[in-house]
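Chain naming follows the written order as A, B, C and D, and within any one chain the residues start at number 1.
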Amino acid sequence: MVAMPGLTPGEIMVTAAAREIRDGEVVFVGMRLPLIAFQLAKFTHAPRAVGIFENGIVRETPSQEFLLTMGDPPNVVGANMCTRMSVVMALLGRGRVDVGFIGGAEVDRFGNVNSSYIGPRSKPKVKLPGSGGACDIASLAGRLLVIMSHERHRLRDAVDYVTSPGFLRGRDQRQATGLPGGGPAALITTLGVFGFDAETGEAVLQSYHSGVSIDQIREQTGWPLRVSAAVRETSVPTSEEQAIIRRLDPQGFWTRQATG
Amino acid sequence: MVAMPGLTPGEIMVTAAAREIRDGEVVFVGMRLPLIAFQLAKFTHAPRAVGIFENGIVRETPSQEFLLTMGDPPNVVGANMCTRMSVVMALLGRGRVDVGFIGGAEVDRFGNVNSSYIGPRSKPKVKLPGSGGACDIASLAGRLLVIMSHERHRLRDAVDYVTSPGFLRGRDQRQATGLPGGGPAALITTLGVFGFDAETGEAVLQSYHSGVSIDQIREQTGWPLRVSAAVRETSVPTSEEQAIIRRLDPQGFWTRQATG
Amino acid sequence: MELAEAIGRFVPDGSAVATGTCLESMIPFAAGHEMIRQRRRDLTLIGPIADILFDQLIGAGCVVRIQAAWVGNVSAGLGYAYRRATEQGVPRSIVVEDYTNYTVALALWAGAHGMPFVPVRSGPGSDIVKDHPGFAEIASPFGGGRVPVVKAVRPDVAIIAVQRADAGGNAHLWSHFGITEEAGLAADRIVLLAEEIVDQSVILSDPNRVLFPAFMVCAVVHCPGGCHPSPVQGHYGRDHPFYGEYHHATRTPDGMAVWLERWVYGVPDRAAYLEALGRERWDALRRLRSAPAAPVDYAW
Amino acid sequence: MELAEAIGRFVPDGSAVATGTCLESMIPFAAGHEMIRQRRRDLTLIGPIADILFDQLIGAGCVVRIQAAWVGNVSAGLGYAYRRATEQGVPRSIVVEDYTNYTVALALWAGAHGMPFVPVRSGPGSDIVKDHPGFAEIASPFGGGRVPVVKAVRPDVAIIAVQRADAGGNAHLWSHFGITEEAGLAADRIVLLAEEIVDQSVILSDPNRVLFPAFMVCAVVHCPGGCHPSPVQGHYGRDHPFYGEYHHATRTPDGMAVWLERWVYGVPDRAAYLEALGRERWDALRRLRSAPAAPVDYAW
């Protein structure tokens, strides 16, 4: 049950993300690492989890082929339901989605995510693609899981632009806004895993990946790092998990590159 | 081209209704007489008219069999589109429906129709089935055609309850209400055909059916009858039209009974 | 699951039930009859036009409230039980909240999205929206005057008939949909009545025909003939005379009681009902002309 | 109708165009390329995630405004042309109105119904709704606080790819629908690009697969391969490397010009484009495994 050699941060992230999915849950799946995490969970501890894709697909079984986008034809074949986006979004809107994944360019210590503008909106330094469904998932999913490459310029005290609301400037503020979803439950990075303080909604380091030090994480984090009293090393994938990941992403397209 | 013997009010009404449909128009079809009128129009002067049914059916060709309800299986076979009610209602809501038909228990001189309550709502003398889609059609169709059995207790100065708005108490009032549709264009009864005054929105008798006198109509009308200066006899069906009607309603289920 | 168990477990007294959502076809009469047999009480019935199903439930005393666009007998006229309940409070008085087809569809649509309300396109000028707890007018934040809105409706359960389903709740429905999608998505849970139970692979081969995710379905009941006298495309036609017979038989409360005894209380389940209907009559309704859909390949 | 004529007649300068509405699949690139070839100007592009189609139209200078949830390159990263236009005004500056997937779907849904606006479920707390002409908050007339709403969006034209259509505009689309139905119903008119033209009887045999009434369709264009490099279920797969190649080729304005010359200006139509792509590459994308839908009978 020891992981195979050449373990990558992507593989650790995928495993950590998969373990956030409980059996039988309804998961709003993104592409890249989240998709592989969902599939890994299905093959291991959560065989009855259901995956939802914003283009209108609902699946209970993983696609038979590696996907580069959720619209790839293998994702339609074997799907339980192919419908309109508005139908799957209604499932989100009605509170039927337990977990949602999003990525982005920047995240802050309250779990707010920016995937729209680096620099001022009127004169951006970088125009990013935008929300897609990320803001919807962040607003409405029961628990939000954020996946991010851990670099100091990405983990910021406050993002330039809130595309997808986390706890805004604290749990109270999110609640006051009336957003129905539960907000961020975990921030899974290339270096570690954060939870969010039950009172304030601040990110708190829960675990560091194998071979990474807390100091290294502090250095790469743009806010004063809070570390859980129970901090530990992130569980590494079992050899079974790693084998599944490598079967799901044979070229290492998503799990053997720097970021999700 | 002379009509066959035994001409019924139903057949005259169907023919008058059919002639209100122009070629290429999109028609929100009801059941009974309106359905036969639509089919008659298709077979004669309006071959490119399109029929819409509130259950979600869009058809360009009449059903191959006599229908008792719009949900009868022959109405699905050969349909151009079978979808949700909300899709066909969106066509109405977006102003894409040229003509709609409704019936009811009572109509008043401004074309308001009651199909809900005879007597007070709190203690009705008769509880009628309700709007169905009638209020939607009356509110949103480009032109509204009302079909009614002509009896004094049905053609009232003011209905007990406005299920489906005509001109309310006058064209101005309808306009002030912001209803998008054009309102009543014709009231087709078992005795004659009314238009609606371009200023006031009051019903004005345009024609009386064969064998019916204006006095008879006055007697059966619950408001001070206004008669058009150009009043004439309602055009009777041609023999071709009558033959088509009798093919469409072979048992005379809708066209050889008293009312639509 | 057996129908009796599904109704027993998932449609308790006091439930708000959406059904008859395809309009005149695919009305799950068998489920309504089971509610009557189980003497369900205080139901709220939600639907557009459920033909005589709502009239029967009202006549049997199961209903406290109606949220519908139309209640009656589509091919034969008024519903006598509905009239007796609203005019005389017999067998009990009921609360009627009138909608139109479009507005009840929109109210359920809003419920499906978790929205509190949604604008409507009809209502102003009609007495339907007066003194109605579900309608209001608001100012548009984008200018252009007042906008009528309808409050969301969220049924506790939607009871929906389909042509075929697998045991896990994946199902295919074809022909016109009425407000079935909106009603199902708005409901807390869905009970499916299927003409046929098929292997999951059949359903998954054509995911465009699936209206609901299986996780919303709490019961799949195999119930052939469950929609009689309403039609099911591909399975049986509409039993037109049955509606006229019902109309004449239920003119009086006594007649209603006799009708219910004959067709509901007196038969334990749908199989017995179809037997009571008679083999010949039932076979005649199932003598259909084929109209196959052109093949579709989801090749990948 | 030929594609050049359809774009020439129905997509004039200044049009608001909804396209790429299925998300990553069935994107009518051929129609976008024709707009570029005809040097269309001042377009508003409306969509959820149209992959690199919007980037190409922006890079070619056709666009004045974007109303979308996401603009970039789904499998390869950011869109360089979109970045240049928004960051540097090259080749021209554009107005960006950001939406989310759900809110752009709802805005089009409201447009489809002729409603001025509709409530949304996301938006509060996000900077997307700040200083945005399409978002507001209103009081609920039923209590429970403020409700975020989005203003209706009504495209002039929706350009939609389908697997098969008849000459009259009846069409079948299968696989996931994204916001195609909402966009088409909200638009003034619809241009269809069909992989196959079939007899009307094929379409009418399965009316549940039809998304729009034919009277809304102003042009049916037979355009096989019109969605490459995006996939069309049942016809061809996604040309993944093409997106990476585009990404690398269009890093600079000069690179963009070269790319447009090679794939758009340099080819008169889609047939020539597919020839330029090369028979082998195109054939490989069309080598599919069959996945037939289970038969359905609309017997009556």
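What we mean here is this: contacts are C-beta pairs under 8 Å (C-beta built on N, C-alpha and C of every residue); 3 or more make two chains touch, one makes a residue touch a chain.
Given the structure is predicted, the values throughout are model-derived calculations rather than measurements.
Minimum number of contact steps separating chain C from chain D: 1. Interface comparison, A-D versus A-C: the pair with the greater number of contacting C-beta pairs is A-D. Relative to chain A, the chain whose mean Cα position lies farthest away is B. Chain A and chain D have Cα centroids lying 27 Å from one another. Spacing of chain A relative to chain B, judged by their CA centroids, is 57 angstrom. Averaged C-alpha coordinates put the centre of chain B at 40 Å from the centre of chain D. Multi-chain contact residues, meaning those touching two or more other chains, occur in chain C at positions 113-115, 121, 174-175, 181, 203, 208, 233, 237, 288, 291, 298-300. Counting partner chains per residue, chain A has residues 57, 73, 76-77, 82-83, 89, 93, 180 touching two or more of them.
Interfaces, counted as pairs of touching chains, are A-C, A-D, B-C, B-D, C-D. Contacts from chain C toward chain D in the complex involve residues 110, 113-119, 121, 136-142, 144, 147, 149, 151, 163, 172, 174-175, 198, 202-203, 205-206, 208-209, 233-235, 237, 288-300.
Those residues of chain B that touch chain D in the shared complex are 26, 50, 52, 57-58, 60, 65, 73-74, 76-83, 87, 89-91, 93-96, 180. Considering their complex, residues 31, 53-57, 68-73, 76-77, 82-86, 89, 92-93, 116, 121, 123-136, 138-140, 161-165, 168, 173-174, 177-180 of chain A touch chain D.
Here chain C touches chain A in the complex through residues 111-115, 170, 181, 185-186, 203-204, 207-208, 210-216, 298-300, going by the rule given at the top. Residues 22-25, 48-49, 51, 68-72, 74-75, 78-79, 82-83, 86-87, 96, 98-103, 105-106, 109, 121-128, 145-146, 174-182, 230-231, 233, 237-238, 240, 288, 291 of chain D are the ones that touch chain A when the two sit in their complex.
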